[in-house]
Structures are given as C-alpha cells and as structure tokens.
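Structures incoming, each one as structure tokens.
Two complexes, one shared chain (chain A), two partners (chain B, chain C).
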Partner chain A sequence: MAIFNIKKREIECKIVYYGPGRCGKTTNLEYIFKSYKKQVEGEMVSINTEGDRTLFFDFLPMELGKIKGCEIRVQMFTVPGQVQYSSTRKLVLKGVDGIIFVADSMDVRREKNMESLKDLQKNLKEYGLNIFKIPLVLQYNKRDLAEQGIPIMSVEQMERDLNRQLKVPAFPGSAMTGKGVGKTLQECLKLTLKSLHKQFNWAE
Partner chain B sequence: MGISLSGDLSYMSLGELVQIFGSNGSTGILRLMNKYNDNLGEVHFFNGNPVNAICDKKQGKDALYMLFGWTEGEFEFNLTNVNEKDYIKKSRMEIMLEGSRMVDDGVIEKVGPVSFKRGDKSTGNALPVISGPLVDYMYVVDEEDYKDGQEIIKQGKHGNWNWVVLDGIVEIRKETPKGPIPILRVGNGSFVGSIAGLLTKNNVRSASVVADGDVQLGVVDSQRLSMEYARLSREFKNIILSLDKRVKQITNKLVEIELMIKTDDSNITKGKEIIIKQGSNKKDAFIVTDGRAFVIRKTDSGYVLLATLEEGDFFGSIPFLNLGQEPDSAHVIAPKGQLVHDVVDCDLLQSEHDKLSATFKNMIENTAIFLSATTTLSCTPKKKKKKGKK
Partner chain C sequence: MAINIKSLLQQAEIYRSQGLLQDAEKKYLEVATAIKNSDNIQNKNKLLKAVKKKLSAVRKDNEDVETAPTSPEMSSHVNEMIKKLFSFSHDKTNEEEAALEGAIALAKFGQFEGAITEFKKLLEKESVGVAAAKNIIRCFMTLDSIDAASTQMYEWESSDYFSAEQMEKIRSFFDEMLEKKGIKRDLAASDLPEEEEAVEDEEFLDISAVAITFDSGPHKGEQVELDVSFQSGNIISLIISSNDEHMIENLQVGVKLEDIHFYSPIAIFRGTGVVSAKTQINSGPKKGDYSVDIKIQSI
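For the complex of A and B:
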C-alpha cells in the first residue's frame, strides 16, 4: 500500500527482496546502491541479523517519471532469511508494493527456493495479499557459477519449479557481477508503477 | 489538539507506526499502554523522526528499543508541538529494523503474560514465568511475605485460599514418588490457587507452590469472589470447572513426560472422527451431553493427548478464552458417531463475562494463559542441552 504524501508531493512505495537465506538478496541491493548512487537518497541502513545483514535505503528512480506531478520514492528492503526473524520479516513485508524473489541457481538449493516461495505466499496471505496479484519478478541468481564448474539448474527447470503457475517475468542474473540486476529491478518498478496507477485510479 | 490516531498494538506494531509517522512527516507524541507495565511509554516524533522516548526510568534510544517489546496493548497519537533536543540521532528505518531485530533475537523482552525472567535467587531455572495484569488492591485483604524456598501450598492438603503475586516469583510443582517436578513459575499479577477452589468447600490442592526467591503475596478476597461466582449461570460455572479440569489434566501430562512414563498417544485417532480440525477458525463452542471426546495436538513427532472431555465439558472457541488448544492448535476427536453435543450460546457467556469484576476476569484469563503455557511445554520435545549459536 503506497503512501501518497500531498505535503511533499511524493508517492512512497516499498519494494522487498525476498528469497531463501544466502541466495543473494544483500548482494543485489548492494550492487544497486553502488551503481545507482545518484538516485539513492540518504545512507544505507544495515542491521546485523544472524548470518546475514538486513538492508534498507531510499531510491528515487528518475526513469519512472512522475505521477500527477508527484515524485516517486521507493523504499528498498531485504528481508532477514533466518527463521527466528519472523516479526522483522513481517514488519518489512507489511504494505509491500512490489517483490523481487531471488532464487538461487545452485542445484543444492532447489528445495530451499520452493520453500521460500511458499513462505512468501503464506506471509502475503496474512496481510490479505495475493501472490498472483502483487507485482512480482523472479531472478535466477548466481548464473556465473556455471563457469566455475559448479552444478546449477537450467533456467527451464527453475521456470518449472517456481514459475509454472505464477507466470511472472523472470531473469537470469548474477548479483556478484551485476548482470541482470538492473533489469530485474526495472521490471519490478514498471509493474509496481502500473499497479499504483490502478490503485490510485489514474489513467496513464 | 485531540487524538489523531489510536488503536491496538497487536494490530499495528510500533515498527509500523514508526513507518507511518515517518512517511507522513508527523510531529506529535505517541503514547503506549500495556497492562503488564505500570507506566505509559512515550515516543516523541518531529517531522516523522523519533527524537525521544520514555519507558519507565529510561529515556532516548534505549527507551525506544524497550518499547518494541510492547507487542500488546494500546496506542494513541496526538498531534502536538514537540520541541525538545534530538536525543535519538539514528534514522527511523534503522530504529525500526533494529528494534524489531532485537525483539526477534530476544535481546529485548516482550512485555506480555509469559516471559523467561529469573527469580532473585533462582537456581538457573529456565521455566517460563507467567505474569498477570496489574492487581486491583480492592480485592487484596492481606499481604504475606515468604522467604526463598518456603512452601506456600502443599499438594494434597485441603484449602480454598487464593493468592495473587504482588512481588516476586513462585514455582508450581507436582509432588511425585520420584520427588517434586517443577511445572511452571508465576510472577507479578498472577494468581496462585485455583479458580475452582472458590466453589468447592473441601478443595484438595493439586500441586505445591514454593517461593522462588523472596516473594510478597496478596491474599485474595475469596468471599467476594465466591459471591460473584455464585451469581453466575450454570453454563458459565461449567465452563470454569471444565477449564480447571483441563489444567489438571495437562499438568499431569507434563509430569508423565518429565518422568518419561511412556504414554502412547499415537493410536488415539483410530476409529475416531474429527469434530473440530486443528487450525480451523471455527468460532462456535459446544458442550458434551453424551459420550467422550479428546483434545489432541498434532505435532511434528505425532499426536499429544491434551484433554479428555466428558459430559458437561465444553470444547471449541469461547470468545474470552484463549486456551492455546482447539480450534487453532488442536483437534477435537471422538469415537465415530458416539459424541452428542449442544451448541453453547457464546453471546450470553460474553455478556456475563463483561459484567464480572476485573479481578475475576483476570483470574479466568490467568488460568487460560497457564493452560496455554503448559500445553506448549508438553508439546515441545525436551531439549537435552541448549545448543550454542551456529
């Protein structure tokens, strides 16, 4: 649920990077923070959660333009992956406008990806949100590992595992090298904006 | 200026409020109320940023983080001028994430009915402690002090007195042939004794109670409560008696588990039908008029029998009773085609409940919390030793 701030002439929305632990959420966000520095406002907040860091920063994507003369501000979050952080995860997900689900391409993480996607669906449901309706983009991360001879799943298999029913845009990528990171975010922003237009009942 | 936003913290948490006031750039004072805490909590916002907070004797950032532990209670936000120094310099998003993380990590304690604090001289006991809301002194006729280790109630003796813990912690134990077994610990605001003891003349104590550290207890005005009890409808009394029965059953279950008496609950579902399914959000309640029913919880390691219900016992969801059993956390099953039950008029019970004194209500709530906590304990596989962080 985006917040429309008349005083600041701003629409504030929330994009969350979701996915199993160690799939590359933090790496994605760090890459964006570095390479889109000019569009970032303020500092990156980094909280130490066990085995992981939970990140936040404000992002002002110029290319999205304005809606009715209002600037768009995107709050970018990662969720903490470990089980014990359930209330923090819920807090971050509350009022989410768009989600990037980062899946790990490594063979051994196949189950974890599917579990995490189910978990996402459950959490969204608790907020009365539907995974089939919310702006959602998948990223098949760590494609670069193939070059090192580490077994990874084919894109086709990941599509079957994760995207057979959802049928949302999905991109292979490598958060480490930055490949596909921008593209994934762009697509999510695009979908989110479309949905905001609908929510506020504004024709484009 | 008046109140511009108010509500329930379990519905909208402090973390969410920080986000909302942040997005709106609000200036004003947020007041938090929690019945397990004597004082109000306050957070002062200036242009959407928290600039100061007050929680008991603490101020600033530390106070604000403590308030994240208030996951229950009410809040009220007043738009008003706030012109104090910026005591809190961190960004609001950092505060929100850090506060929530600290609660998840257990660094900040949740202020609610169950906690894990220790008694003054506790022997490293890690049983949970049940606390109750603030005590209404109108119902306290006398105060008594007990020294660490002193026995307050002896199992098997007759007695009808009830106490409320004013300060300190007491341990509830079951005496067994193999020595006493600790069941739970209760702290400030919690009742000691049994609600059913208000009714029966020759109440036999079903457990012992011992001071864990020095404690001060208040003797509850049993006469007044008994009179209140006497005025209740038969249905309401039944609910209370049946609740008390469940507490006794689950306490015995805990003893069996503790003594490693093998009770095989795995075949319990054989030849039975499900009357209420675990996890359903059925809002009705029933009373057994013939036959028997069983309350069982499905856990990762199989079924655990929580209660056996007979004629006169209730099951289902009573609006003011959160048992931690059915419908959300247990099945109710019965031998196929044999259970006869009536629907309970919950509206009637609720209106009767509304008219009870705060102390009586607290006693009922306290019994339900006790039941819910012991149920959780009896369904949690015993840990050999607390493992270190990975």
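For the complex of A and C:
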C-alpha cells in the first residue's frame, strides 16, 4: 500500500518483480540500476544464496521527481523465485502497488511460468488483492537466447499461456542486453501511478 | 549426428550458465546417450568422459543449491534494512507498533536472534509488551529451543515484569505452542518436576558416547551408538548426519529416551534422557547436519 504524505506532497509506492526462479528478475533490476543513475536514489541491495539465487529480495529505491505536483518515490523489489521460498515471496509482496511478472521464454520453463503466475494470484488473494485489478505488466524475457540456438516459445504462445485472460500489457525483452527493460518498467509505473492517482486523487 | 550432439551440448551449457541446473543435467544426459549411440564419433570415450565430468559438476552445483541454508543469519546492516522496509506503520504515529512490525519481519525472514533482541527492547512498552513476549516465545519454539522458552517463561513468572492478567495471556500462548508441537508442558526441560532432576550437575561424569535404543520408528529395537560432541553438566550434544533422516525425525524435542547407555571413562551406565533441543548446523564442516541436545534425567 503506497504512502501519501500530504504535508510533504510525497508518494512512496512499491513495485515488485515476480516470476519463476532464474527468469531474470534480478537482472532486470541490475540493468535499471546501471542505466537510470539519475533516478536511482541509493544502492541496489541483493541478498543472495548459493549459486547467486535471490534468498530474501533485491531492493532498489528510485525517485521519479514531481508528477502532478507530487514527489514520487518508488521502492522496487524482486522476490526469490525458487519454489521453497514461498513464505518469503508472500512477505515481499505485502503492500505492493504494481507488479512486473517476468516470464522465461525458454521452452523448458513453460510450466514454471504458469506455476509462478498461479502462485502470484494465490498470494495476492491472501492479501485481499485481485490479479485482474492490480497494475500488472508481463515481460517475456530472454528473447535473445533464440540466437544461440536455444528453443524458446513464440510470443503468441506465451500470450496464450499467460495473458489470455489477464489481457495486460506485455513486452518481449532481454534483461541481459536491456532490451524491453525500460519499456516494461515505464508501463508498470504508468499503470501504478494512474491507479494511485485514482486512489489518492491528488492534484497540483 | 555430430551437429545434433554439438547443439545439445550448447543447450546444456547455456542452461547451466542460466542456473537451470536440472535442465542442464537432463541435457548432458541426452548428450551422453547420443554419443553412446553414435558409431561414427572419433574419441568417443574421451568425449563421454568429458560429458560425465560436466554432469557430476552440475550435480554438485545442484546439491549445493538444494542444501543451502534457507535463512542464514544476516549482518546487522541487512537486519536494519529488513526492519525498515517491512514495518508498515510508516507514518510514525505509533513508533512502538512500527518497531514491533520490524521485529516480526526479522523473525519472518528467519533472523531469530536479531528478532529476539528487538522484541526484548519492547517488553517494557505498555502497548506492545505482551505481543513482544509472545513473539519471543514463538522465536524460541521455531528454533526448537524449548529449554530457552521455558527458562524465559520462568524468569517472567518469578518476576513482576508483567501483571497477572498479562502473564496469563503469555502463559496460555506458550501452552498452545507446546500443544501444537505435541509436547506436554511438564516435558519442557526447565519445567521438569524437581524429583526428575535426579542428579546435580556437578555429579556428572564426562560422557564420551551414548548408545540409544529406540522404541519406535525405523530404528525400533536397534541400539545406535553416537559420539558426544559437547557436554555441559547434564546436557550432552550429539551430531546427527543430515543423511540419517529417520534418526533426525525420531529425535524430536520433548521425546523421552527410556534406554540410553552412557559411556564414561569409568564404566557404562544405563539411564534415561529427554531431547531438549535440535538445531540444524548452518556453517562449518558439519553444515546441514543436526545438533541434538539430550538432557540426562537419570543414570
């Protein structure tokens, strides 16, 4: 849940990168950290375990400047993707305002994408949130692997698998090269701020 | 065929570099099968050996990931950040509530020692004191430190830290937690009746090993010998290998062991004990194994 400080005219909101293990959530955040220096408010924090897997979360604070006369601060988090970190994932999701679901384009990860989306829906529901109503954007990551001969799913197939009912904005991308990373984030921020504006109804 | 093998190998390497270790393992196995089935590959054995080497490396990596601790103790810097980021009473209108939320977040992230320290700071605060006390008990119980929880309860009960009404709430919470774990309160080590404390600490001989006869589970009827890794008075610590799942399962906190042989330098004594704590070792050469404390009840 975003915090609206009326006196300071400041809004702090929370964006969470969700998705199956090793889909590229941390890589997305690392790319943002490197490429949006002006907006990044501090250091990126990663709490990892064996094999560079996210153990608790990654955290990156950003400052977007004034929008409609209000200072916007964004806290970006990633969740641990591995199945066994279910309770941590739920904890990180608490108070979320917008979600970027990173799906892995590799053929072999098809089931994992679907399982993770289902897990997201379940966890949101437990916080009384609806996956169809929350600002949500999909990213079909690792598109670049096709050039290396790795079997990947077509965007159409991923749309059918993950976005047939949700019908939310979706972007192909490659967090390794940065392709699509900015677009995905911008769209999610746009939807989130729109939703917060509706909620807090702040005006200049 | 050579092209196919090359492509499979490339896929395996990429899966491995992506950290998809199980997918990489499957691919390496496909590569090995393709090599075996191919008649026109030169250096077939050399290639197979190389693939097998990669296969065992990827299996080792996978094992390391699988056995990595799920909630290792973090630095104080990380703990401070968790407290700040996961306490949602940001408006600071209720600092005590925010501090409690921060400490609960630490516990939820498995940072129990840090959480207990934070909860202890809140015990004197009227609005959150009881909740902090309950959470201290919850942390000890999650850590399987029934002894520590009992000692803490005893401390609070024998002091005027809490009012009778507050103490009643904490006590019934503790009883509920014990019940959930299937432990009767009289088995919680610190609450053992005096008469069961048959031997004073100073009377204890050095115990170098024990032989436990299990009366249930897969080891039923068997006598298992274990070395004592540490002894403090009537508490002995044993290390149980993580491979011995059945024994770990059998030695639950609160379980009474009716037939133990205690090996001392003088003689072998027969007696009873109760499992008072069980913790997984998170670092060092015994990482992943369990340390089980047994409180000697009679020799």
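One rule holds in what follows: the second predicted complex is superposed on the first by the 178 of 204 C-alpha atoms of A that agree within 3 Å, B and C clash if a C-alpha of one lies under 4 Å from a C-alpha of the other, contacts with A are read in each partner's own complex, and residues count from 1 in each chain.
Methods note: a residue touches a chain if its C-beta (ideal position, glycine included) is under 8 Å from a C-beta of that chain, and two chains touch if they have at least 3 such contacts.
Just so you know, these numbers come straight off a predicted model, no measurement behind them.
J.: Report for A:Phe56: first if it touches chain B alone, second if chain C alone, otherwise both or neither.
T.: After superposition on chain A, A:Phe56 lies in contact with both partners, chain B and chain C.
J.: Applying the touch criterion given at the start, work out whether A:Gln148 contacts chain B, chain C, both or neither, answering first, second, both or neither.
T.: second
J.: Just to be sure I read the superposition right, which of the two partners does A:Ile47 touch: chain B = first, chain C = second, or both, or neither?
T.: both
J.: Touch check for A:Lys8: first (chain B), second (chain C), both, or neither?
T.: First partner only, chain B.
J.: Kindly classify A:Gly95 by the partners it touches after superposition: chain B alone (first), chain C alone (second), both, or neither?
T.: After superposing on A, A:Gly95 lies in contact with both chain B and chain C.
J.: Can A:Ser86 be said to touch chain B (first), chain C (second), both, or neither?
T.: Touch status of A:Ser86: first partner only.
J.: Output the chain A positions appearing in both contact lists, the one against chain B and the one against chain C.
T.: 3, 12, 45, 47, 49-51, 56, 75, 84-85, 87-88, 91, 94-95
J.: With touch defined as at the start, can you tell me which chain B residues reach chain A in the complex?
T.: 13, 15-16, 19-20, 23-25, 71, 91, 93-94, 96-98, 100-101, 103-105, 389-390
J.: Provide the residue numbers of chain A that touch chain B in the complex, in ascending order.
T.: Within the complex, chain A contacts chain B at residues 3, 5, 7-8, 12, 42-43, 45, 47-51, 54, 56, 75, 80, 84-88, 91-92, 94-95.
J.: Touching chain C in the complex: which residues of chain A?
T.: 1, 3, 12, 21-22, 45, 47, 49-53, 55-56, 59, 75, 84-85, 87-88, 91, 94-95, 106, 108-109, 142, 145, 148-151
J.: In the complex of these two chains, what residues of chain C are touching chain A?
T.: Counting only chain C, the residues touching chain A are 7, 10-11, 14-15, 18-21, 23, 61, 64-65, 68-70, 72, 74, 78, 81-82, 85-86, 88, 90-91, 105, 108-109.
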